[in-house]
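See the structures that follow.
Each of the two complexes below includes subunit A, the first together with subunit B, the second together with subunit C.
Take a look at the complex of A and B:
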């Protein structure tokens, strides 16, 4: 970023605090996307341990059976559920579905694209992610 | 580094019980290495706008403050700036609506700074021009003096909302993609592309869709919706962009 362009940069892009729940969902979508990418890479590394034979595989698998391993997996579950549910909402929106119809705007100009359907979709994604994470924690720590 | 210089005038120009601390960003790219804030204590009434407060500063405290404005009624789109962290029109924002004793004004993000609060609009105008913001018809149709392009009220409804754009740049300033991608067309131009694509009199849909069907075009919009939240004219660029993308994805004819 140069002073000449005066761009907000990544700091401005990831700031979720100014533009309501939609911007927060955008931020979470990016964050969970990066998190899932990191998990995907780690997962490939993890499963590649099978080439070390059964002993090597079992040794590495034990790492996921620790408290830290369970906590990370619970976060992965939450990220996966949020990214999926919110992803469906965003994909529908990208197709112009559920973003409202063009009409003559009246003051105070509430944007039709930021309607209750999308807000419900975002809150649903967050709630479902929380439920899935709690269920995952109950299964993993309930053993 | 932000420097703070404080100017408090006890002899305020009008008598009032309410005052705010107005913080104005000062930066001249030709001379300064970094920006700083000047602070002024300004009296205000419940109808006082941020622009009026800035002009008060120019009149009574510091005439060197650079600010662009013209109509003072949210029609010309000149006075866009960051007010307390969000892009807004200074003439359309009442101080009393901000619910804060401190009002901080900064130049719009994602626009090069000319000086202080004034920014360059060249890129916005270039991207606006890029999407061909005019009706495209065959020349032979336009040459006829008697030719009319009639529209039903329903056809007008399809685009009239997007024709309200005053090119103030607030949407481009709020956009998270614009914050990092210098080549992104931006919500203003994309919404205007939809405005003409949705116009039943226009025949340039294919050429416009070709222009925006680019890696730095419509596909860089992630539907964060911040553009629509800051639009002072109810244009709702996010809706226009998603409807426009519907054409490219085959959801719309």
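Take a look at the complex of A and C:
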């Protein structure tokens, strides 16, 4: 069986060099969304330990306030910032902001919506997520 | 409900949640991260009614946004009348269950039932 571009599965789908940074952002938006939903459910369960009183709360804090717990929280911060900034970009795009004017499709059929403004938005989301993660790490490990 | 209306709700909940979650995180940072997680500090937060109301609002906004997002992802993967209904009602049920569980924590702690 020959290996063509359609047989690479998820690896091919997420490869930003093939379908562009927009496709990578689409994939990352869904991945961070699922990650944040998982964290949110965990956070609701985590905070419910307050009903177990001071002993129960402190026992649970001992589990989460560890190096691993802080590392996971730093990843959550990065996911949160990327999801927010990229989400604002997507909302603006859906509202017709920054997607260019409608025009006749001519060869080489480059979509006007996939322009430098949105590319800058995606790269900004990634950079801001990295900065927020570093700041989070400094706050959590700096104490 | 029309998908266009659902997407408006999706975006509306996102924007509102960003503002409120920012306040929630700033509360952790103004006090000092470790101190803000101490039992007495967390209990005081829950007993302060405006803050408890904000937590309840964040819970509802994020549950609606999160489970609608999950529904959209699942509907992109596969389509079909039965599948779509199962996904939509499943996500709705999970959303209601999470809001109920989170509200239980907020209400009981606010009323001093710890």
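Everything below uses one rule, namely that the second predicted complex is superposed on the first by the 123 of 143 C-alpha atoms of A that agree within 3 Å, B and C clash if a C-alpha of one lies under 4 Å from a C-alpha of the other, contacts with A are read in each partner's own complex, and residues count from 1 in each chain.
Note that a residue touches a chain if its C-beta (ideal position, glycine included) is under 8 Å from a C-beta of that chain, and two chains touch if they have at least 3 such contacts.
Model, not experiment: these values are computed from the prediction.
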First, second, both or neither for A:48, with subunit B first and subunit C second: second
Partner chain(s) touched by A:103 [first = subunit B, second = subunit C, both, neither]: first
Touched partner set for A:36, first subunit B, second subunit C, both or neither: second
Which superposed partner A:65 touches (first subunit B, second subunit C, both, neither): second
Subunit B versus subunit C as contact partner of A:140, first or second or both or neither: second
Subunit B or subunit C, by number of subunit A residues touched: B
Subunit B/subunit C common contact set on subunit A: 94
Contacting residues of subunit A [partner subunit C, same complex]: 30, 33-34, 36-37, 40-41, 44-45, 47-48, 50-54, 57-58, 61, 65, 80, 84, 87, 91, 94, 139-140, 143
Touch list for subunit B against partner subunit A, complex: 29, 85-86, 107, 109-113, 119, 157-162, 164, 174, 176-180, 182, 198, 222-226, 228-236, 238-240, 242-246, 249, 251-252
Partner subunit A, residues of subunit C touching it in the complex: 7, 11, 14-15, 18, 21, 29, 32-34, 37, 39, 42-43, 46, 59, 62-63, 66-67, 69-70, 73, 98, 101-102, 104-105, 108-109, 113-114
Subunit B contact footprint on subunit A (complex, rising order): 3-10, 12-14, 18-20, 22-23, 25-26, 29, 90, 93-97, 99-100, 102-107, 109, 111-114, 118
